[in-house]
Every structure is written in structure tokens, then in C-alpha cells.
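Paired with chain B in one complex and with chain C in the other, chain A is shared by the two complexes that follow.
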Partner chain A sequence: MIKNTGSKFIAWIDERYDLSPIRNLLQHKKVPAHKHSLWYYMGGVTLFLFLVQLFTGILLLLYYRPGEDSAYESVRFIITEVRFGWLIRNVHSWSANLLVFFAFVHMFSVFFSKAYEKPRELTWVTGFIILVFTLAFGFSGYLLPWNELAFFATKVGTDIVGVVPIIGEPLKTFLRGGEDVTGATLSRFFGIHVAILPAIFTVFLGLHLLFIQQQGMHEPDHFKNLPEEKKKYIPFFPDFALKDLLLWIVVFNLLIFLSLYFPWELGNKAEAFASAPAGIKPEWYFMFMFQSLKFLPAHILFLEGELVGVLFFGVAGFFWMIIPYIKIKNKPNWKIQPLTLIGIIVVAFIVIMTVVGYLI
Partner chain B sequence: MKKIFINLSIYAFPFFFLLSSVNAQKTAATGNRNSEEDQCYKCHKEIELLPADFLESDVHRHAALSCSSCHGGDPSSDDQEIAMSPKKGYVGVPKRKDIPKFCGKCHSNINIMRVYQPRIATDQVEQYYTSAHGKKLLAGDQNVAECASCHSAHSILPAKDPRSSVYALNVPNTCNKCHGNLEFMKNYKIPTNQLEEYSKSVHGIALLKNKDVSAPACNDCHGNHGATPPGVKSISHVCGTCHVTNYEYFNATKISKIFEQKGIHGCEQCHGNHSVQKPNDEMIGIGKESTCIECHTTGDSGYAVSQKIYSSLIHLKNKFDEANAKYLEVRQKGMNDIEIGFQLQDAKQALIQSRTLVHTFDSSRVSEKTVKGVEFSEKASALAQIEIDEYYTRRNGFALATLIFLVFIVALYFKIKDSEKKRS
Partner chain C sequence: MKLDRRKFLNTLLGVGGIGGIVAVLYPVFSFLIPPKSAEPKVNSVKAGLSSELPTNSAKIIKFGREPVILIKTEDNQLKALSAGCTHLDCIVQYKTDTKQILCACHNGIYDLNGRNVSGPPPRPLEQFDVKVIQDEIVITKQG
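On to the complex of A and B.
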């Protein structure tokens, strides 16, 4: 009965809007099956977590009230009084963190399998831009509960922006909505978090997904070099989609588990005149940059150490984004190729600096 | 002007604590001598004849006063005959009976003292002669405490200096030097175990163990310069300087008048004096530890009132403890404790007020307050129970959700396997 109604509805739409391209895509799209196929699922998990963010974010918007006198109180209201508010807020916080984590995993899996190479250069570039916006989501969202830790972390974070030459100071003032982190910063971050970033993010995410659908999954070298008869594929629909769904359910269950057993503390309300509490740390995904800046000396040659650090990360980030356009010759004698080596160094640097940041 | 400063006494009371900060300025203004110019200090140091208790950081020395400021003489001369000549005003070591007046030459003169501290009191000597010590000294008793007994002679420090013998933490031991000496006190028929008792009391523990300088030391109840045992009438005033509400309640009762008539010390009768302990609810009622039954017996109205007050207090205390235990459980479980905390605060406030109202000896007033406290406690308990239930509901919900997800996962797994089988 339901199946019939569904079929009739699709036929009704098909008659008017011609669904054959979608049907063809679903029928013919194939995903290579090999020993590294697991990494194909990382992008899907990241997308799923973004959808969770979207859904829980909209729900939080129903009760969240930006403002120096209302932000903290409204978040406290959400987690104490609103039915399932605690769950929604915790899932939003945990999902944000897992989203960044899986985005990094996805990015490095693409990097090490060289999936960014021609013809997928723009998929890589849009993906990198999405990652930057994801971090911006994290940074802007962190302040919204208006608690002590977030307040001082934002202060430190925006101070770092201020060291960029020429545009640093105006950008800092623009982000803060004035000289200091105040209620104006909160309103601004709220606007950026719920309107500006989602709008831009959606465009780049749309492009990213469009490129993937258009070009299909990347085949790594070891798979490409196999004789045609040995190449195995699985249909995107339903096999790959079902496996994706299975993983999403596992991740969703994990999210609820984390939210229940490790809820995010709200802490104390931000107080501009209070002294900074001990142990001010940025969110974990900024820790490697924060820790690196701390290690730099006050001055390097004629430049401030912090400025050198910020410029380094800016330039490094730019080169990372345009890596599909950089030609580095392979060394036949090397066991590990130069680009892979760079990737390993980058991962090791991020992991070590993050760990050191939490240990010191 | 010069004469005034020559007469400044080195025996002083601890009101010079601001001296050090304005030391140099005043030295210039008053013409006092520094160590190099002061021949008294120079010679006595050379021949190693400085007083045994001499302290370089003594408050008077710190203010650049010379030995001659108290003892007279000419500090500018290095000739002993001239410097210590009575013609030059040399008075030497004062007799014990003269010490209060000796110090009072400056300390009772506001014109001198205001130079060092504009708001300083100058009635110490006057107060001293009203004290038990002062009266006995006037009567010729050479053993009683005078200024130097407590403040020392040549190592006087401001009362706020932790090294000072009259710093709050040191006062009990300073008094005990004489009052704990059995030999010394036997002529006065005064017990010598006050410090021992005080050390175990709620006040003594706060001051000596917890180093809470706001807790009362000997002088806070007995006075310092006018030290005297509090009388029947004054004892509740003494306690009431800190325990204001208790004093007001007690003072308005009929019992306080009867106590006064019978010569019974108000607060001390139930709480004791030096060994005063943290009060507990068992002091009320008709139990073994009750202080009420020391006077009241079965059948009299006081006995019944005491029983009623005790019942109300204990009822509230039990309800409060029960609510507090649940509150702690809620906190330990990481659940929402904000509103419970507010209710408990009100309940605790009511419990404290009820305990204070005991001093009205009016069971209806006490029970009026305990009823309110019980309401707050019960509300807190109910809220806590909701949170505890919610805690388990969430976990059960998660278990159920996980089970449903697991069913989904298993179903999907078989569906995928089925699809793979069909394809192959």
C-alpha cells in the first residue's frame, strides 16, 4: 500500500520534472572496493555530523538568546529546564568536535591517497575552504554560551588575529565589534555563526558534493593499476549508501553516549573584569597553532615571534590549499615520496603540538 | 617643641603601626636623632649594654625616637656624666608603679600622639586604672601587669604585626604568661587553666588552630587596657557584641531579668565561658546533654517548652539533612542542582534562625520558623528526587535507544549481505 503510494508519487514527480538523471546516477554510480575503501566513508560521516549540527543548531535557536545578560542564562535554561534541551546542547557540542575530527581525517585520507590530483583539484580546494569555515564555526560557536573559558579564549584568539600586519588590527576590531570582547562581540559572533557562515558554507558544500557526484570516487594508484577483471566495485545504491547509513547510526549512538556520560560543562558566566581563570586553552583543534605560537621566542630577527608564527600558518595553509597545483617530482629511490613525507610531518606536528599543549 | 620630644616615652602602646610609613618625614619634622647621632645608642651598643629585650625594629626606634625620649638625658653628649645627668632630665629606669604614667606622658597626650597617628586613642592609662590590674597597682601590688608586661619594654611592635606580643594570635599566650602561672596566681585565687580551656573552645580553635584573627581572643571579652572579668549584667553585652541577635532575643525574655536578680551569668550559664563549645541541638530539650534540665524539672512550664523547642528543631534538622543528602547525590550525578541549592539555602537559613530563636524561649516562635524550614527542605527533597529519577530515566532511555540502534545495525548488516549475495 505504502510502496504503491510511494511509486505513484515518484511517477507523478518524474512525469513533470524528469528524474532520469538522478535515477541514472543511483543505478550506475559505483564505488571502488579495495583495502582502503574505509576512508571513503569519512566524508560521509563528516556530512552526517554537519546535518546533525544543522538540526540541533536550529533547535537551540528556539531558546538561545544572544546578549550579555541573556546568552549564559538561556543556555543554562536550555540544559536545565527545556525538555531534552541538555541532550540537544550536548549533541551539538560533541557533534561539532567530532565534525572537526572527521573533517581532518577525511582531508588527510584524501591527501595520502592523492585523491586531490587532476581532475579533482577543485574538490580539494572547496574541501579545504569548508574545513576553514568549519573551524570558523567552532571558533564563533565557542563564545555563544558566554562563559568564562569561552570569553577569555575568544580574547586570546582575536588578539592573535590582531598581529597580522596591516589588516590585523581592523580585522580584530571588526570581529570584536569594538576594542574589547563585549556583548557586541557576542552579537557579532552569533550573526556569523547562524547566518553568515551557514550561507557561505552551504555554497561550498554544495559545490564539493556536486564535484564528487560528477567525477565519482577517486581510484587510488594500486587499484587503477589492476587489470580490469580484477577491479571490484560496489553499487553506490543501495550497498554503499546502506554501509554509510550503518556507520552514521553507530556515530549517532556514540554522540548520544558522549552527551550523556560526558556532558559539556557550562562553567561560570563570563565576567569582563574578573581575572582570567587558570588553564585557559583554545579548543583542541586550535591547540597545535596556539602551542606553536607559545614556543616561539619574542623576536625572530626583526619581527615579532607571534607575527612570524601567524604568517607561517597563513602561508602554510595557503600552500596546503593549492597543493593540487604544486608539482613535486617523485623520487624513485625514496621509500616514502616527498609529498607523503610532508603529509606525515604535518600530521606528526599537529598531533605532537596538540598533545604537548594539553600536557604543559 | 624640643622639650616635648625629649619627654617622649619609649614605653608605648601598640598604636604606632602607621609610624614606619611616615618615619623619615616625621624625623625631619621633630628633630629626632638617627642611630649615628644618638650617643646613648652608640655607647650602649659599644659596651654591649643594650637592654636584654632590645629590638632594632621596635616601633619607637623605628620612629627615630631616642632612648632619651623616655629616659631623659642628653643624647648629643658622648660624656656619660653629662648625658646621664639628672640636670639634663635623666630619669633612668622607672619604678614598676610609675610605668603607666611614664608611658602616659606621651600616650595620654593627644597633642603629641596625633603627630604619629591622628585618630589614635589616648585613654589607655585612664582605662588601665579602672582595670583589675590598675586598681591593684595603685593599691601597691607590685606583681600585677603594667604596660611593659604585655607590650614589652624595648621590643614593642604594632598590634597588627604578627611578631607583636599583642597581635591577635599571640594575645592568649601573652595573657597566659601570668594567668597560667600557678605560683603567680595563687595569691589572687584565680584558676590557671583558662588557656587550656580556651584552646579547646570554638573561639580558641578558630583563633589558634584556624588562624582566624577575627575570632575573639582574651581582650575581646575582657577588654585590654581596662581588663576586668565581665559582671553579671555585662556578660550578655560582651557576648552580644558579636552574637547580636541572640543577645537581643535573650535580653527581651523574662529569664534574663530573673538571672540578673539571682546573680546568674546570662550566656555563661548554658554555654560556659573560656571553654565555650559550638552549640548543638542536644543542649535543648530534656536529654542528658540538655542545659535546660539543670534548672527545669518535669511538670514545670520551662520543661515542656524546652521539649517542644527540641522536637521542632530536630524535626527540621532531620528534614534538612535528608534533603542535603539528596542534593549531594544530585551533584555527584552531575544533574541540575540550581533550584535545589536555593531551596536548601532557605532551609538552612530557617534552621539557623530557629536555633537563634531558641534564645526567646518561646516554642511557638521557634516552631513558626521550623515549619518554614521544613517546607523548604521538603521542596528541595522533592526537586532532588525528580533529578535523581531523571538521571536513571536518561540512562534507561539511552539503553533502549542503543538497543533500537543495534536492531537497526543488525538489520542493515543482513540487508547489505543479502544485497552482496544477490549481486554475486
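On to the complex of A and C.
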């Protein structure tokens, strides 16, 4: 009966809005099956975690009150008074961290399989932009509980922006909503976190997904070179989609496990006129940059060390974004190709600096 | 030069269109820049009683919007220095064991005259004048 009503409803919609493009996509889309297929699922997991963020974020909005006198108190209220408030907040924090983690895994898997090459250049560029906005989400969300660690991390983070020549100072004032990190900064970060970023993010995410649907999954070289009859594919629907779903459920369980056993501390309320406590750390995904800046001397030639570091990361990030357009010739007698080598160095740098940041 | 009707109208529309966009964007961007707060300029502040500040200790006081660290050294000298680290603006603290000023964010270290001794700070901390008038500590900006 229900099935009948369902198909009647679909027929009703179909008659008016022509569902054949969707039907075609579902029927014909296929995904290559090979030894590196696992990496195809990383983007999906990232998307799933983004949906979790959207959902838990909206829930938190019902109780969170931005403001110097209310932000910390309202988060404390959420985790102590609101039923399951602690759970929602922990899931939001953990999901944010896993989201960044899987976004990085997704990005590097795309990089090493060279999936960004023609015709998928713009998928890479939009993906990179999404990553930058994801980090901005993390940075702006970190301040919202208005605790000591977040306060000083924001002070440092926005001060780093200030070292950029010409635009640095105005940008810093814009971000802080004044010269210092105050309640005005909190209001701004709140607006950025819950309105501006989601709006821009959704546009780029939409484009990113559209490009992927349009072009289908990338086939790595070792797969592409196989004779046609040896190429194995699985249908996107339902096979791949169900596997996707299975992984989402696994990640969801991991998320709940982490939220239950490793809750996020709220810490002490931020105070503008108190010494910074020891152990001020940014979130782990900024750690490698933070640690690199720490290693730089106060001055390099005639420039401040910080400025050199910031410019370096800015330029490196830009080149990373336009990598599909950079042509580096393959060296036939090299065991590892130059671009792969660059990727390995980048991963090694990020991992080592992050580990060092936590050990020192 | 002959200006035909189409060209004239296109130019008019173009100029008008750009004008319209600017008229919308200008207020929006102006709105984004925070107004300068009209706080009165502070030249000196009272920082409590000297007898109440223990030897070899320090406290952070508000000097207008600026944090200032007031230190009473072991030989009962009073020192006041800007408390915002010159590196990345974290607020510094007095280490009673090493008798140095530490910024915990990146382990920047200054001596008691505010000179950057080690770590990433590029400049010394700004010094303030300290006077004690009938046991009341008064901190004044130098110069």
C-alpha cells in the first residue's frame, strides 16, 4: 500500500517536473572498483560530518547567547542544565575536528592520485576554497565559548593577520571589531560563524558536488590503462551509496564514542586583563603553522620573522590551490615523480610540526 | 565623434549602474569597519597601595584599554611595563622564581627592564613611570 502510494507520488511529481535526469543519474552512474577505491569515500564522510555540524549547530543556537557576559555562561548552561546539552556540544566539537581531519585526508588522497588533473581542475579549486572556509569555521567557532584558551588563541591568531603588509592592520581591526579582542570580536565571530560562512560555504559546496556529479569519479592511471574488459565498476546506486552509508554509520559511532569518553572542557572564562596561562594552543589543525612561526627568529634579514612565516604560508597555500594549472615535467628515471615528492614533503612537514607542537 | 543613441544610452546605463553599485557597496563596507571608540586618553592611573603589594610579586592593571604589569621586585622596587607581549599581543606574567617576565603563549622572556631577552619577541616592552605618593602607586606614561 505504502509502496503504491509512494510510486504514485513520484509519478505525480514526474509528470509535472520531469525526473528523468535524476533517474538517469541513479541508473547509470558507476564507480570504478580497484585497490585504491577506499579513498573515494573520504569526501562523503566529510560531507556527512558537515551535515552533523549543521544540525548540531542549529540546536546549539537555540541556547547560545553571544556576548561578553553571556557567552561563557550560556555554554555552561548548555552543558550542565539543558537535557543532552553536553552531548550536543561535544558532538559539535568532535565533529568539527573529525571534519577537518577527513577533509585533509580527502584532499591528500585526491592530490596523490592526481585526480585534480584536467578536466577536474575546478573541483580541486572549489575543494580548496571549502577547506579554507572549514578552517575559518573552526577558528571562529573556537572563540564562541569565550574561555581563556580561546581568548588568547584568537588574540594571537588575529595578531598574526596584522603582520601582513598594508591590508594586515585594517583586516585585523575588521576581524576584531576594534583594536583589541573584546565582546565586539565575539559578536563578529558569531555572525561570521553562523551566517556569513554557512552562506558562502554552501555555494562552493554546491559547485563542488555539482562538478563531481557531472564528471563522475576520477579513474587513476593504473585503472585507466587496463583493457576495457578488465575494468570493474560498481553501480553508484545502490551499491556505492550503501557502502557510503555504512561508513557514515561507523563514523557516527566513532563520533558518539569520542563525545562520551572524551568530552571537551569548557575551562575558565576569558578575562581581558589577566596574564595568558601556560599552554595556549590553537586547535590542532593550526598547530603546524603556529609551531613553524615559533621556530622563526625575531628577525629574518630586515623583515620580522612572523611576516616571513605568514607570507610563506600564504604563497604556499596559493600554489597548492592552483596546482592543477602548474605543469611540472615527469622525470622518467625518477622513482618518485617531482609532484608526488612535493606532496610527501608537505605531509611530512605538517605531521612533524604538529607532533613537535604537542611535545614541546 | 558621432555619438549614436544606443551608445549614449549604454554609457548612461553603465555609469548609472556602476554608480548604483557603489552607492550600495560603500555604506556596506563602511558599516563593516568598527567605529573608533571615543575613550578618553589616559596618562596616569592609580594602582592601589604599595604596602598591599607583596615583595616579589606582580599584578596586571588597566591603563585605559592597555594592560600594564606592575612588579614589586625583591629589593622593593616598583616597575611598570606594558603587559602586551610585543610578539603576538598575549598578556605577560612575572615569574617569581626566575625574576623575569614571561609570555606563556610562545615562551617569550623579558628582563625586569622590559628588554626582550629570549624567544620570539622582536621589541622590548614599553616602560612606564611609577611614583608612590603617600603609599598610593601612580603609573604614568613616559615622554
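We adopt the following convention: the second predicted complex is superposed on the first by the 360 of 360 C-alpha atoms of A that agree within 3 Å, B and C clash if a C-alpha of one lies under 4 Å from a C-alpha of the other, contacts with A are read in each partner's own complex, and residues count from 1 in each chain.
Basically, contacts are C-beta pairs under 8 Å (C-beta built on N, C-alpha and C of every residue); 3 or more make two chains touch, one makes a residue touch a chain.
Keep in mind that this is a model prediction, so the values were computed, not measured.
Participant: Chain A superposed: clash or fit between chain B and chain C?
Facilitator: fit
Participant: Is A:Gly178 in contact with chain B, with chain C, with both, or with neither (first, second, both, neither)?
Facilitator: It touches chain C, and chain B stays clear.
Participant: I'd like to know which partner A:Ala274 touches here: chain B for first, chain C for second, both or neither.
Facilitator: A:Ala274 sits against chain C, while chain B stays out of touch.
Participant: With the two complexes superposed on chain A, say which partner A:Ala199 touches: chain B (first), chain C (second), both, or neither.
Facilitator: After superposition on chain A, A:Ala199 lies in contact with neither partner.
Participant: Of the partners chain B and chain C, which touch A:Asp159 in the superposed model: first, second, both, neither?
Facilitator: A:Asp159 sits against chain C, while chain B stays out of touch.
Participant: Examine A:Ile79 and indicate which partner it touches, taking first as chain B and second as chain C; both and neither are also allowed.
Facilitator: Only chain B is touched by A:Ile79; chain C is not.
Participant: Specify the partner with more touching residues on chain A, choosing between chain B and chain C.
Facilitator: Touching more residues of chain A than the other partner does is C.
Participant: In the superposed arrangement, does A:Pro263 touch chain B (first), chain C (second), both or neither?
Facilitator: Only chain B is touched by A:Pro263; chain C is not.
Participant: Once superposed, minimum distance in angstrom between C-alpha atoms of chain B and those of chain C?
Facilitator: Nearest C-alpha pair, chain B versus chain C: 8 Å apart.
Participant: Show which residues of chain A both chain B and chain C reach, each in its own complex.
Facilitator: Comparing the two interfaces on chain A, one with chain B and one with chain C, no residues are shared.
Participant: Show me the residue ranges of chain A that touch chain C in the complex, using the header's touch definition.
Facilitator: 152, 155-156, 159-160, 170, 173-174, 176-180, 184, 272-280, 293-294, 296-299, 304-306
Participant: Sort out for me which residues of chain B touch chain A in the complex.
Facilitator: 334, 336, 338, 394-395, 398, 401-402, 405, 408-409, 412-413, 415-416, 419-420, 423
Participant: Quick check: in the complex, which residue numbers of chain A touch chain B?
Facilitator: For chain A paired with chain B, touching residues are 76, 79-80, 234-235, 238-239, 242-243, 245-246, 249-250, 252-253, 256-257, 260, 263.
Participant: Please output the residues of chain C touching chain A within their complex, sorted ascending.
Facilitator: Residues 32-34, 37, 60-62, 65, 67, 69, 83, 85, 87-93, 103-106, 116, 120-122.
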